[in-house]
């Protein structure tokens, strides 16, 4: 499967002079005729755009060379000339407030309100399957949002690195799809929701395959399809590189402590794996122990909540990173990944969640929750205390409140205009 | 739960003179200055609109009074005067080709092509649980489509009345929601996909409730919530009336033979019902045998495929009948119904179907399949031979081909513009 | 299946004069030459034989006519003449201490010791599925033993009548066998241990039959085979008559309260029954509701613990009542019944019990426990508090202690002579 | 757990002169006053006693020194003197026909008749899980019987060595009991019949332990308790030595081919083992892979059918080898082993087999079947074609016919004397 060329390379290199002149005029007017670097910075902040974004930083550095300081006026010619570079499109859209969330400050206030409502919810307990340092006291509660246009919103302790655990599953499924094609992948893993509880029977489906790619057995199966000829160090680096691209080049770490604790508690994964092998589910020649170790390595990948939100935004943008404009997954891969996240992303709570919340999501037992709202944004929530289904208590709470306020449910298009849910994609009137 | 006022009553009674005058001019030009009743009929036919639609028929009768015959020109004044009645909006939209599928003839050709491809597929066997007359030889294959604007497309033997069987389940769930509210309903029925196979265990969920409203146990539970104080004759008539409204006042029948054959083979339903009662799942005071009989009555409701497609279109229009404009279910009820149809509408094939096809649907063992594409259309397919999962073989085949040609999958919004799938909502360019 | 002639009819009517003369001499010597009715009464008491046994009572009445009072010597001629009647064999055996437990007083002491050890065990809770009067406070604890020679031992509140509940199952299985033959019965019910928990799956076996005759489904199946053409009143009387014969004509009652409480809580039995019917397990034409009602009637049969112990003794004597000598079941019927009681008589604790205790037994949720030690005795224990498996806590405790003291385990024949377990069948030496 | 001293060491070294003199006289008479070595040999053959038995061979060698040839008369003095050695007891019993089967030739004829009836039964297929050489064409059918007095009967191809497979399970359970005590063993393995089918759920019992010692999981658990500190070579030799003792020092082999084929197909055993480890079922520090390898080694132990029958006879003699008189297991160990063999020895057919056949038995997928009739004999049957439950078709057929002819069912004591079943323990009358 070959990826299409990067999204932004499709932007036609047409004449942009006229609209840029208009934009300059508008910005002049907005700033009482004194349009400066400070004006740009204010505009960016107001729209949730970070000046550290690589393509914006480049422009800012270039423009700084043309003026004395940040309070000096920017000339129309300079403004237009520098903005003709297609790479500056993110900046241009920000300056023109031509962004997916036009009233970002309003949106921010709403999200802050939800955060404040959820924070006192101290139900649940952190997983005992992970090393203690992961569980802070009082438990952390961080939310990070990144829109498809790179608008950022961060609340709570967003500097913590945590292991992604099962959140690796949809990405590894996507990698397996991208590298093997959907036919090959789905010869080895099913697509029905299903349990892998040994006490209940039906651990595998009627074709003797794992039920779907987001339960342990199905994820181990996908992992078996990812570059099996490489050694596990190389495979891990390969997956980390993909996360790095998804996250807009943020730091992708690894929790050795999580790996070591988990690999020593992998009995259930081994049981599932040997059962699958007995039933002939794996590709010929699969090295079972190596596959389980690789799976556990991927679960032990660690990152900040900002990196996770940014990666979710790359899925929301159908495989293209909002800040670099680089395509990582094809549209089809993302479509399949979101389909299965919608039906099976929250363990045994998936059906209820799909019904009441209706956003493609995936949780991990370290307390992470990754949410994708196609065409709009990625959300990451981190709060270690888990409910009975091993989902982050505050993560679920936050999402339930989110879809009560905003039309983010996959079937909210069915509701009438006057239903009372907000649509942040819309320009504020008046 | 009270329904909002009918959708079309929201249409503001503003001045429409100017646009109607423009419309008249356009139609004049299209018809070489001779705009007649014949011109209207041709326009309607071209757009798939039936002149028998009640609101259109009324207009046609009125306008016939003003002209000599169908070849006589219609005057501008008459045209405008009669079209000012808000009830004529469907006609106005048809004449203006302001319809959800603007190029209906192109769409029709595509559908006919799929129909022709699917027809030779003679796999599967009709259900043995139903009386023989239901299974024709060679097996019937009919498709009926009704858009949210009432555009109709009918292929195959669309005059057969067949029993809807499990297709009654989403509608009965919707009725239960409408009459009891979602809180009450979901105290008695869950929302996770799940099996009710006695050989596999887990017949009920961990709360001792049926897994969801679209399996037998869950549907029986919803039925217990529909007017339990009435006798079963009244309850059946109540449900039939709702179908009548959904279908735009088409004939809603009943198969006594299907009922008699099935009530005598209801052992599994009785087993499920008594098990649910043992676990305390039913509302206090539920009459178990009466509930099962009512359930079987609802399964034995019979109708034409056109009535079924029209009913599906009422769901696609969020609860409003395309031809009468009358609201039957609230937006919320429809949203919930479509959510559960997407995850659980095709028996044990639901997950695969949601992934590959991605349209809220429900099948019945008589061979019916009801499909809802929100904002766009309802589809009904009828072909009795069933696959291993008890779904109509041709029904599934048709839907799989449909989503390969059109962007009807719930996640097709993720695909790029140039992906190759058609969008019939778009005006043909050029 | 025709029963063989009564066991005692096999006793040859030969000359008994000589041995009776010897017996008279022995008894004379034992009683210092003064052998009286009082001597007989003492001898009977010492051996646990009741003078109320019909065949003994007859003799006692006859001999009383020949002497002045109970202290008057009995003449040799009279003694011999009256004892020639074959019906007096039980008396003759008692006087000769030719009984299965020769040292009955020693045995009694051992049993009393176990009773005393078990009595303080107040664990468990009476079943909530039965009417309250069944559960006394403090809970009753009664033990009754009846040997194959009619020796009786009674401890605790042995006058209480309690409903036998599941203890009806082995007897109804025996009746079904006796009336239908084992081939016919086992076309409808299996022979493997197994659960009928709807949460675990595998409610029926791979032939779609109930696993065995001692679980609810299997017992309902056996009940369907008992005189289905009679009405339930007649069927109940039929079963009660058999219990009456098994118990040596003791009173067999019925708990209307138990029936009414249980028939209103029969949902699980209905679920099992409808499931079995769906799978075609029942004989053609079975009336399902009537069968469940008959089953519940049989569970509501009530009797004293003495009647139950006596019935168990009739099984220990391979189908012949110890006190009347009448055969009720054939050897084959009893063999099959004891086989299945050994493997499946104690719900989900059956395997553990068979291993550690090893006596064919059946428990009921009213707190009864019937134990059969072939060739030796029947035991009945009554104590309502139940353990997690619905077996009487004190019943299990008593049996576990019993097999530690006596060689009653089905495999105790494997232990060496010097193992330390007592064998009450043996004459005390010295 | 210490074993009691050898059984024959209990024989009091008292004067045996008188009875030996009587025996000599009897033998003289039987042989027309000419009692020779030939007479002894004939007597042994007639009673099924092999002159190769070590203790008999010794005597024969000694007596040969006292006479010219096998046709020379043996003197009374010599006869008595040599027979005073307690080790000659087996010979003395054979000469006195004081053996558990007094009419051995009659018994042999009956067994041969059954063998002939079963031989044409060619149903079933050899296991595909074993190397091909194990399955002969036409399939072998061998029966070997060894009584507790060492009487031997051999039919069919009894020289084939075959791998014992699951027949190792009861012996390994016995070893685990003997070396750890029953308390320790049953902290790790349950006692209820039960399945370990991953498709059905309930792979482990409610205490998260394997259901019983005779299914794979339970046997692996017992193996984990056998000398875990030794290496697997030593452990295998240890188990082989015990089989050697049980078999009366017959050759105990090993099938490397079976081991290699099976260890490469151990996925299900690995799955079971990891699942048990996840649930904490194993003793602390258990090496899982080593345990599975040891388990597979034990399954690959190979021996002749005579060795297997002899071993079964050692169980029938409560742990003492009939030919060496050496005790290998305690009475308690044997009792427990036979209890579990009765309830769980034939895979999913165990309950039916216990009911209809009622002899403690264990089957293996190579086609072996070991049967123990306590106090009487061990039987081994070998015929590779298996039925749907993986039991030898002819093995089952043979046993079913055996219990129809002989009173070998554990509950046959319940049948009346005149039931028609033979008792080979009885002396032929007349």
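So that you can tell them apart, the chains are marked A, B, C and D in the order they are listed, and the count of residues begins at 1 in each.
One rule holds in what follows: contacts are C-beta pairs under 8 Å (C-beta built on N, C-alpha and C of every residue); 3 or more make two chains touch, one makes a residue touch a chain.
Remember, predicted model here, so these are calculated numbers, not experimental data.
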- Message: Among the chains here, which has the CA centroid at the largest distance from chain B's centroid?
- Response: D
- Comparing A-B with A-D, the one with more C-beta contacts is A-B
- Message: Just the number, please: Cα centre separation of chain A and chain C in whole Å.
- Response: 71
- Taking each chain's centre as the mean of its CA atoms, chain A sits from chain B at a distance in Å of 36
- Note on the structure: Expressed in whole Å, how far the mean CA point of chain A lies from that of chain D is 65
- Query: Listing for chain D: what residues touch at least two other chains?
  - Reply: 200-202
- Message: List the residues on chain B that touch chain C in their complex, please.
- Response: 197-204, 265, 267-268, 270-275, 277-278
- Message: If we count contacts the way the header does, which residues on chain D are in touch with chain C in the complex?
- Response: 4, 190-195, 200-202, 211-212, 318, 331-332, 334-336, 338-340, 342-344, 348, 350-352, 354-356, 358, 374-375, 409-416, 419
